[in-house]
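Several structures are given next for inspection.
Look at the two complexes coming up: subunit A is in both, with subunit B in one and subunit C in the other.
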Partner chain A sequence: MSSDHQAGEVPPLTEDIAPGTATDPPVGSDDAATVTVDGTAVDLPAGSTLLDAVEAVESGGDASGGGVDGGTAETVPALCHYGREDIGPRSTCRTCMVETDSSGLVPACSHPAEDGAVVRTDAEAAIEARDVNLDLVLSNHNLRCTTCGKNGRCDLQDAAIENDVEEPRYGVLDDRDAYEPIDDSSSFIQIDRNKCILCNRCVEACNDVQVEGVLRMEGSGADTRIGFQNGAATMEDSTCVSCGHCATVCPTGSLVEKGIEDATTIQIPGFTQKNSVGKTYERDGDPKGPMTPKKAAERTERAASGETERERETAKETASDERRDWP
Partner chain B sequence: MDDSSLADRQRVVRVPADRPDLAEAAEGEVDGGGADGSDAGGRSTHGGDADLTVARVGPVGLDGLDPLVTATRGGETAVYANAGPDLVSEIVTDLAEGTVGVVGEPLAVAGHALGPATFPPAPGTPLDVGNRHLLGGAGWHRPADPEDHAAAGGFVDAGLEAVVTAADGLRGRGWGDWCHDVDLAPTLDRAREAFGEAAVVVNAHGTAADPGARSGADEGSRRPGTDEGSRRSGTDAFLLESVPFAVLEGADLLATAVDADRVVVYVSEADETAVERARAAAENYPDPVTPFEVVTGPAVHRATEPTMALEAIEGNHRLEARLRRPGELPTLNGTPALVHTARTVAHLADRVQAADGDGPGHPGTRLVTVTRDVEAPATVELSETATLDAALDAVSLAGEFKAAAVGGQFGGLTDALDVDADPDALGEAGLGTEGVVEIIGEGRCLVEFVGRRAQRAADTNCGRCVPCREGTTQLTELLRDIYDGDYDEDGIAELLRVMNGSSVCAFGVEAARPTRTAMTTFGGEFEAHAEGRCPAGACFEAPEVTQ
Partner chain C sequence: MTDGRGGKDANPDANPEEKQGVAGYMQRAKQQALQNVEHAIEGTTAETLPEGKLFEIATAIGDRRLEELNVADTTCGYCAVGCRFDLYSDGEEILAARPTAEEDAPVNGISTCVKGKFGYDFINSDDRLTSPLVRDEDGQFRTATWDEALERVAEGLGDIRDEHGGEALSVIASSKATNEENYLMGKFARQVLETNSVDNCNRLCHSSTVAGLAKTYGYGAASISTDDLETADCILLTGSNTTEAHPVLATRIKQNVRDGADLLVFDPREVQIAEYATQYSRVQPGYDAVWINGITRYIIENDLYDEEFVDERTTGFEDVREAVQEFGPERVEEVTGVTPEEIESAAETIADADACVFGWTLGLTEHSHGTENVIAMANLAAITGNLGRPGTGVSPFRGQNNVQGGGGDMGPLPDNFPGYQDIADDEIRAKFEDAWDCDISPEYGYYTTQMFLEADKGNLRGMYIIGENSALSEPGVNHAEKVLSELDFLVVQDLFVTETARYADVVLPASSFVEKTGTFTNTDRTVQMVKEVMPPKGDSRPDWEILQDLANRMGRDWDYDDTAEIMHEVNSLTPLYGGISQERVDAEGGVQWPCPDDDHPGTTRLYTDEFNTDDGKAHLQGIGYSEPAETPDEDYPFTLTTGRVLYQYHTGTMTHREEGIMQYTPSDFVEIHPQTATNYGIEHGDMVEVTSRRGQITVPAQVTDRVGRETVFAPIHFAESAVNRLTDEEHLDPSAATPEYKVSAVRIAPVEGESEPVTIEESESGGDGETTTGDD
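Here is the complex of A and B:
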């Protein structure tokens, strides 16, 4: 084994991992608590959130295994919530809003379960917030489900069906934006950012669980997207080791394993998963060595564009008024 | 730095520290003088007129008077607005000859006791608008010189109890404050419970309004101004430029109270003067509890939000809001942190000083910056019992008053400013408490105004939460739809409620305000646009007339 090769195998130091996300405080309760959800009391251990209470009541069993009657008055999608492997809660989608007696409207996924808390899933403001936020998620999602490999096993599709969404009030991505090309450059994992709901599960799986430091959150506003910490434009040029954890945790068809990316598409001649948005990034055809390329590549913000995130963001803010005419 | 305060000097000419040409003109008139190379200090002259001092002082806050030069001799001060080098030379000669206010046309000649430690009252001028408790040293003190602040009663030797008493009932100023509009006392208690493991963050990041806002010159223009020179930093950065010791003292008092091991002053990298003066003042501060660190953040609006400020100080390359744990302090590198704006801590210091002097205590005041369609912006200090329109006496409107946006970038729109400057009254009126009043002149379209604000919010939010990221995008689209005849009033109101009620941080919550208040107060303009008319005559092309 050459020394070059060894250098290529050095895993990233954790302190160099820069996922681009904020350092959130812990969200669970300090102590065990009894919480009432839509009239049903549920006992929860320390470290619980209000969503744990809601889910316990929804599933008819409390977190400690005891039986609870009733169920919740309304469905709480909690789209971006994962609840396993210490991933999340990101609390980004806000489709878990519930009303509490003490704190008003709160996101159940990231609100500690305080003892004695009284939660209503059917309060008017909570229903409105969940419905509007679900439609807002749909407004920025590639809804071409028939050519999606996650058709039938998609959290967003499930939530839309459970909430009887017939026609999202803000329309769908088709109405509004050009599609971003599908990144089909990796041999193992495909990215369709048009289906990404920015739940951050993949970024946490990649950085906090696998400690690979490949994926990150980047950009701001409508340009917020999943990108690569080495500044690469495609998966192929990233430092991905193809562990597949990101695809496992993805709630939609945004990150899928190659080979089953069209597993559940509906067969319509001429329409395939790969041509569903028109353009695709393919492999560049260069032969690859046995090891993951650029494992120890320079991890700097300047890698891709030559400017730092700060410079980019400042320029974007300054340009906002000049960039577009009104109306 | 001088080792004595200006109050001890016989004759003093004060010129703005950012106008070296004026200081040089003054010094050139003094025999035997020579520059000492200090930008922000003062200089006693030697050899010639030993009693004449040229002092480089911070801004007074009234841009229309800039450059403001004062000449003090004994019990009299002549105040000159818009002074040039020639006039400054004459002023110095005037003083050297034993007279004051004889040359030129002084704005006012104020009588006062010998050696005033703060700007003497100048009745009948914009300087006389409101109070000057926090702003007493503005335009009067040398920003890097602690002696001037000490002469004005600063650097009180106050213990924990005095700070706790002063914090009780003091409400955080501005959206950059963790305690925005709420009492400081509970967070102070929590930080004290951290037993010496606490940090104090002074948040002086912030803009007075959106960078497009400018004064006067663009009246009637549809495009927002981008003139670099007319942009204004926020009120917190202004305090650092003008009276940095008042801010640092407040931070030091908090640090004393919670036994902090770290005090950070956080400023936008665009506010270079504020950064420079904060660093100089931090260097010269007498015996701080712990040395001050001055840290810069990116010049973007969202970087003012307290959790994003903490992310910036920690060095994250990308800023997004953090979640907040109910009832707990945020952390800076794992340490519980008090995050207050420069205004808040300066008010705290002011309250401690007032109590120390056995005086009646200052009534609550608020700093208010008036900008946009005015000849020149102004920052004044109003009593909380005064109405906002009192601040208008400090500015000249550029054109007729149509409306005002009260509360900064995401302020609320109103057609009247007869509302008290205190947060309860402003909240009831649906307005923001940021301390910024943007005057919107006749001829501006309010649908365009709030549309641009929505667009900015969509372009510059952190991207974390759906109600803000996607909500501002859809809000912009819904406002554009009005121009196509589709004014979905209920749909917009619904979206605004959800943005307001479910966003992660104040950015999304407040981004709903301009449109909400405009629809309430100026609903007719929205309806007119849906019918193809713009009451301000700004939005639609004139129809072509064919014979």
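Here is the complex of A and C:
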């Protein structure tokens, strides 16, 4: 009847879950600062970044309540930035580049707001950088707004329209053979990796906010994709508890709540996100539960049956390799 | 997610039902053809249409379709965390829950759990009640007009009142309905039915918390705000399966642990939050006051208590010191299984911490001595000085979305008016008699659990049950069902024909929380807006409109135009809610009580300066040894404890109607320790009979070392194998009348020859056999 855990012997589960940016050093300023963006000055509290300054000016008020007029000269998309619940900054999309007098061209989302900094959103280099980076994001995005679950509510779409994207330099991902199947195996969340812009918000929401340890980014280079920390192939075999944080924060139609995925699409039969990709991973039909599994057991075993011992070992190795990678 | 819903579904192949044979072939061919059309057009546009143009077209379509949707920011109707989000509706169903503005989500931010985010199929479920039902002479239900149904109710309840007096009637109010509606339920009971026997489901869970904390600190509610879970450097949790029952609160706790806080979990089961803990201790169910007193004793004996706080802000310390003497390390280990090292470690951690939050859910309260358990916890929090400062306090995690407000603050209680004003107090009673123009007896009415015992004796003849599934939630449902079937008159007001409604004479269709406007109060005392997202389904009506109509047919003259008006009446009679109007709650995003007037900002944390007692100090009370009413013996050697699982919610009325949820938790089960399973020859998935002195259920076994060797666990969510057939309805907490759900003596036995997965079709309750067992 005594406890299975002696104090101090087994570390809490949080140490087993690869964090997002929660354990990264903070990027905000140490002190309060006054920053000038495109000629308009704003006062910012401690812990602010240049992006906070840009957003304060864009919205026509400053972050600490003083009156300011006019917006910024140019819009700054900042796609991978979320701004709530301490998600990010990841600085992967590079669509927030601005010109500063002291440090040149920097990503505004992760640059601290130093007192007296002068920022220009309309410097030529900044405009070009943001433009090219937005096109790069689009180049790997399966652009099919009329069938997409996020149509009309999509951060990428909004950014592209605000930046007057007509024909992206590098095209979009429309090679049908290169499409990855939609993961439709979860009862609640649909994953379309072809629309993922690798902003990492979902991974952070899952690991830093929900602290559940389900999602991760795996692979590298062109193969980088959303994956699962327990090595599962599909969402239903992951340790997902369907909390919905990932779908909540996803800027595109990559992670979409089922139920609303056809709410703003073009209303022609057959024009669905699943059809447009053409391939899906469906539910495997195995009943789950009914008991709630122990988390420790879930994280070291793959739930899918039929997996070879070798695959299981490799998955464990990959997982434990990952564990060694962060501080 | 059914097919063939006609023109409404623009994408009929979004979720096809797999068909077989020729139909299957045709279905697949059709899907392929549509896919081909899509691909052809997509290919053409990719070659001819610049992306800029595509954006133009797509956003035009998107904007137009968005206009057809109704979006409103509202509060979740599942649990008491009180998450806020925007709900999207097309007028027929809820499509999604999306985050709302930061200032409008004070508790959850962007966080949600599976139920609040995805659990809305029940709103437009096929068996949603859309018109009133009355029972015919031949005993069958038939639909009726509101006129007929309400007249029947007025007659049925009125007759009993006139012949036997209001004491023969009782009302069970709904902790899922809004504050305004619950206020009316209490008023209806006292003014119209002339009875003080009005109560609600808080009786079944945290009534001992309310009694215990009110006795010691003065308010029966959580003293913290949820922010304190993030800023505490130590959290003690007991009897709380937080990641499954209060997932969004668990996220705050887990974040805090990741950032270095200590988490001490004491629970008979190694629930998921225990796996996140820095210290987990398994305890024998039913003896919580023992280990809590053990920790208190260690802290006092080693001079680790907060002397200043004790001297200045408490009374009764010496009583506590004396009472905890008998709970030395050996005694604690003998009774609860917690080792001396664990007690020491926990005590030192709590004493070292700058700010400690003490949290609990029903594992502490649902006992025949639950109030004592809570007082023991209150003692511990007080002697360590962990009250009134940021990051400190007591936090009972309330259950239903509005059990704090509707089930407590709004006074549908047999002993209190709104705002916990005692009905026995002559001055207060006179105030309400004046406001409501009626006579009110000073005698306390029956508590919910007592109602079912009194009905047996013939003292209770009629019941009006609103939004409560007593046939499943009461302890000892075999007994409860018998009581319900023998009442002279039973009215049930709900969204569905629930297991309880099956016994009713009249069933009134009520509207869900997305179909009306009002307020809920969550577990940290925050009052938040509930906004109508879609019109009431069919002929269903919001509870307040039904009550108003009924009251007027029974001789009164209620004429509220809207719920905001009801709230103004509440403001005028309830000091706790004096300044909490709907206008203010809407404007500010949420207001925490106590808030006596419009200028008061609301109260983030209780007890910053003084306690709500006559001398302003906490009244500590020594708590001695107590044990469960029924302990294991030779015939019934196991302890059964019951509780929740993540995907399901309470009696399953909302979650059973969600296909996705039923895929994750399709059936009931019983958790059995591997050693126990081996001893009985039970394997994972085998069907097992679990029997107590009250009844028996048959459920699949789940072999896991989460439970102890002599403990088994079954969830509460499945009517087909209602675990409350096994629990006891007689031995209630003496102060709070809380049932002992957490300890029942049971025996287990494998059902021979059925170790393959089978469909559960429990003939006991005529279940609908939709669920299947787990895998092998």
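The rule we apply is simple: the second predicted complex is superposed on the first by the 267 of 327 C-alpha atoms of A that agree within 3 Å, B and C clash if a C-alpha of one lies under 4 Å from a C-alpha of the other, contacts with A are read in each partner's own complex, and residues count from 1 in each chain.
Basically, a contact is a pair of C-beta atoms (placed from the backbone, for glycine too) under 8 Å apart; a residue touches a chain by one contact, two chains touch by 3 or more.
Being a predicted model, the structure only gives us computed values, none of them experimental.
Asks: After the superposition on A, what does A:98 contact: first (subunit B), second (subunit C), both or neither?
Replies: neither
Asks: When both complexes are superposed, which of subunit B and subunit C contacts more residues belonging to subunit A?
Replies: C
Asks: Touching A:224 in the superposition: subunit B (first), subunit C (second), both, neither?
Replies: first
Asks: With the two complexes superposed on chain A, say which partner A:22 touches: subunit B (first), subunit C (second), both, or neither.
Replies: So A:22 meets both subunit B and subunit C here.
Asks: Once the shared chain is lined up, is A:125 touching subunit B (first), subunit C (second), both, or neither of them?
Replies: After superposing on A, A:125 lies in contact with subunit B but is clear of subunit C.
Asks: Is A:111 touching anything from subunit B or subunit C once the two structures are fitted on A? First, second, both or neither.
Replies: A:111 contacts subunit B only, not subunit C.
Asks: If you stack the two complexes on chain A, which partner ends up touching A:173: first (subunit B), second (subunit C), both, or neither?
Replies: neither
Asks: Does the superposition put A:199 against subunit B (first), subunit C (second), both, or neither?
Replies: In the superposition, A:199 touches no partner, neither subunit B nor subunit C.
Asks: Mind sorting out which residues of subunit A both subunit B and subunit C touch, each in its own complex?
Replies: 22, 176
Asks: Which stretch or stretches of subunit A touch subunit C in the complex?
Replies: Against subunit C, subunit A makes touches at 1-7, 12-14, 17, 19, 22, 84-85, 138, 143-148, 151-153, 157, 160-161, 164-168, 172, 174, 176, 187-188, 205, 208-211, 241-245, 248-249, 257-272, 274-276, 278, 283, 286-292, 294-296.
Asks: Help me check something: in the complex, which residues belonging to subunit B touch subunit A?
Replies: 210-212, 223-224, 226, 270, 298-302, 307-308, 311, 314, 316-326, 328, 330-331, 448, 451-452, 455-456, 458-467, 469-474, 477, 479-480, 482-483, 491, 494-495, 497-498, 501-504, 539
Asks: Within their complex, state which residues of subunit C touch subunit A.
Replies: Result: residues 9-14, 31, 33-35, 37-39, 41-42, 46, 50-52, 54-55, 57-59, 61-63, 65-66, 69, 88, 90, 94-99, 102, 109-114, 117-118, 120, 243-244, 247, 251, 254-255, 257-259, 263, 270, 272, 275-282, 284, 333, 337-339, 341-342, 345, 645-647, 659-661, 663-669, 671, 700, 702, 704-706, 708-710, 757, 772-775 of subunit C touch subunit A.
Asks: Along subunit A, where are the residues that touch subunit B in the complex?
Replies: Per the stated touch rule, the residues are 18, 20-27, 91-95, 97, 103, 105, 107, 110-112, 125, 128-129, 132-133, 136-137, 139-140, 169-170, 176, 198, 216-224, 301, 308-310, 313-314, 316-318, 320-324, 326-327.
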